[in-house]
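Dropping the structures in below, format is structure tokens.
In the two complexes below, chain A is the common chain; its partner is chain B in one and chain C in the other.
Moving on, here comes the complex of A and B:
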């Protein structure tokens, strides 16, 4: 008995400290970024273009913010609808068919493709083959390919998590699957699906590899044309840092990027926390 | 209303679950199905409204006739499910209001007239003996009802599409005695106008409410007849053993 309660306490301590370590790492990163980049994160930094020679030693990151937002928007527009349709197929239709098993495996594999490989594919297909050139569109679509499996898998699991009894009760009434889907299953899983989409957006916003070869440049105007190259936060950060242009600005950019991702992830978590609430 | 099951067998993958079942329910009334756990009661029930085939690996042989019509002949399971309602062991309240739960079927089948919908809602809830308790909270989430109320709501939802047969799979197994009594009284009332098939683990319940009782074991019919007779003068030794509690 005594031994058992000791084991319980010991395990509790282990799990608790594991949580603590994660918390410390996260606050450590953010704290360090605040320390190094906090001072450069000013209103001017957010609202002006980079200046100076070499470019980036002065000014701000406004075009990169815009570029990242546009890239993420295009990625989500391209990936969300096909992702949801695939997820619905995987969770609701094609039971026990070989094709469904194949689709499941394909999506898992897609999720495991390194993002630089997605970038190379985007380069070969969008930039060269389709002739988009280094452009917002090519980068957004490459990011779309990258986040597609994330959206499918989170949405599929959200749909599968809906109480199976509902489906059976609906079937026993003789209503169609689509009616069940749009009146019960999708509304029930919507918060978790949206949360998955937000996580995917965060993933796209922070990804550097796929846009490095398809969309991002050191300096671009703010025309926002689909076929124009763009600036983007992670790439800007990479250049500032790797070419020793300005450590201060690099840390400011990193802080901004982390805050953006944190915002997306916390919103996603809050949404997911809503799941199953609302009295029903 | 008549339900005829002829030489009916069900397999999941290669495993036989029901073997050559023959039985016939005629007219309204309550038909109880009893038998040990795993003998195939649920599968038999789900065969009658074509929901068994939703499970992976389902295979069947034989025929089931509803008023003489072979329900497995057409490819249209939905129309059979509409005619044969089913209520499950765990009460299922759909995540919407009490009213929308009841109107879930009618809305799907195209009823748009507000007055008619509200009539259907009231009629079904009254038939299910739930009206008095919920008439002032029709707009509230059905999830807030008690277990017994949810089960009667499930009955109301099934009745709202005016089925010819109502199947109930151990509807009282998660309910307290008072709710159970309420549902038994309700089933007795409904049996005047509806054919009811009731799977139950409670032999006393079968004795109290059923006009006919069927005993199944290991996927086969052991004995079938008027409840009174099955319990007082069983014609098979297995039946006598089962109802005296020896084999379950």
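Moving on, here comes the complex of A and C:
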């Protein structure tokens, strides 16, 4: 009996400490970045190009911010429409055909492909085979391939989550499926779909491995041509750290990147929590 | 009319997407084909990597071992911690605390790996160097630790869902028999949620093995065969990221990097397959009982 109650206490202690350790470690990381990077995150840091020798010891990260935004924009432009249409197919039109199962499984598998392998493909296909070179376009398209499964899966779940009553009511009224879809189901699931796209944008903004082989360079101008290499925040952070250029700027860049992603993810979370109009 | 067109468009687009995604695997296999046909399985078993020598040595053995070591190591730490955390969230956490932990977990999945790698390098590596007097703190162990932190949110969230999905009857029966709640969690809930817990591990392992930036910044990147968890190594993903830019397109070096990508994909595929089979087995057991 004593042994049993000792075991109970011990287990309880294990469960509690696991929960607290997880919370501590995870919040500790953000706290640490805020503490160390807060002082470098000035207006000048956000609005000037890197300066100094070696480049990056002074100045700011403006070209990297711009590069990251451009990369994310291209990725979303490339992936959102096909992703959405595929999700519509999976949730509305596929019925229970073999082909739908194939599409579903392929996309689920592809969501698990490591980002460096996507980068490898992007390098071989866009950079070498199509001759884009290390460029904004090659990087953006590689990121597009990377976020495509994320968009499909979140949009599919958003569409499937729409109340079955609407579908039944629509079918009972003899309304065509397309009409139902664009007048009822898509408006209903729009916040959740948008939330998925924001999550995918965050995923693209933070991804380093694919762009380090397809798009990003240590220093690039602000011209922003599609066929030119770009700077990007995550790659800039990696370079600042790994080439020992400036720890202070690295902390600032890391904090900026985390804040950008927190913003995207929290917005996505809030959107997802919100129900479409006319919900029960 | 519009309906038929919408259906047709969606069918065509999803077919194209599926083909594109399958093409990635085919493309990577094709690019690496020449080295497979001339070196055979020596690429995986060989441990000598000097792609620019003549003739080139293209053994990926050390990297394969590093990848497995780092990822399994991360699972080794993350599984007990993550499962206990999941039990805590599902059974013991007061509502306010669970309400604080869950969004934190959710948001932390969004932090990019390069930031985790950076924090790991500035905190963990420094700590190893200062307090253990190591010449340089990077090691496979360091990489495993940071990977643990990175995969924890996935493992905890998935496992919590699995524990919650255990039918209420089991819980009621256990409580009616006077079993204490911690004991019930250990002997009733966890075994019944086995299937979901394994799913959580699959997910975590996939993330850990494919992760690039954090291991690139923490594993030390040496080409020696890792002798222990605490030695340095260079996982497959780090190798690709480091060397792809400098390899000449079409050279054996370039092809071998694609072989590395293919090996990584195959490792993930095999792990998925094995665990899917195990999960099916559990399924049968649970249904029988």
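Points worth noting:
Keep this in mind: the second predicted complex is superposed on the first by the 249 of 280 C-alpha atoms of A that agree within 3 Å, B and C clash if a C-alpha of one lies under 4 Å from a C-alpha of the other, contacts with A are read in each partner's own complex, and residues count from 1 in each chain.
The definition used in the following text is that a residue touches a chain if its C-beta (ideal position, glycine included) is under 8 Å from a C-beta of that chain, and two chains touch if they have at least 3 such contacts.
None of the values given here were measured: they were computed from a predicted structure.
Taken together through their common chain A, the two structures put chain B and chain C side by side without a clash. An angle of 100 degrees, to the nearest 10, separates chain B from chain C at the C-alpha centre of chain A in the overlay. Residue contacts after overlaying the shared chain place A:208 against chain C, while chain B stays out of touching range.
Using the contact criterion defined above for the overlaid structures, shared-chain residue A:86 touches chain C, although it does not reach chain B. Looking at the superposed arrangement, the partner reaching more residues of chain A, out of chain B and chain C, is C. Judged by the touch definition given at the top, the superposed model places A:165 against chain B, while chain C stays out of reach.
Of the two partner chains placed around the shared chain by superposition, chain C is the only one that A:27 touches, whereas chain B remains out of contact.
Residue contacts after overlaying the shared chain place A:95 against chain B, while chain C stays out of touching range.
Of the two partner chains placed by the overlay, neither chain B nor chain C lies in contact with A:38. With both structures placed on the common chain, the touch criterion links A:225 to neither chain B nor chain C. Looking at the shared chain after the overlay, A:179 reaches both chain B and chain C. With chain A used as the common frame, chain B approaches chain C to a shortest CA-CA distance of 11 Å.
On chain A, the patch touched by chain B and the patch touched by chain C overlap at residues 176, 179. Residue ranges on chain C touching chain A, taken from their complex, read 2-3, 5-7, 9-11, 13-18, 20-22, 24, 27-28, 31, 80-82, 84-85, 87-89, 91-93, 97, 100-101, 103-108, 110-119, 121-123, 149, 152-153, 156, 180, 182-183, 185-186, 206, 209-213, 217, 237, 240-241, 244-245, 249, 257-258, 261, 264-265, 268, 272.
On the chain B side of its complex with chain A, the touching residues are 49, 51, 54, 56-57, 77-83, 85-86, 88, 90, 92, 94-96, 104-105, 108, 140-144, 154, 157-158, 161. Of all the residues in chain A, the ones that touch chain C in their complex are 4-5, 7-9, 11-12, 14-19, 21-23, 25-27, 29, 32-33, 36, 82-83, 85-86, 88-90, 92-94, 99, 102-103, 106-107, 110, 112-121, 123-125, 128, 134, 145, 148-149, 152, 176-179, 181, 199, 202-203, 205-209, 212-213, 234-235, 237-238, 241-242, 247, 250, 254, 257-258, 261-262, 264-266, 269.
Partner chain B is touched in their complex by these residues of chain A: 95-96, 163, 165-166, 168-176, 179, 183-184, 187-188, 278-280.
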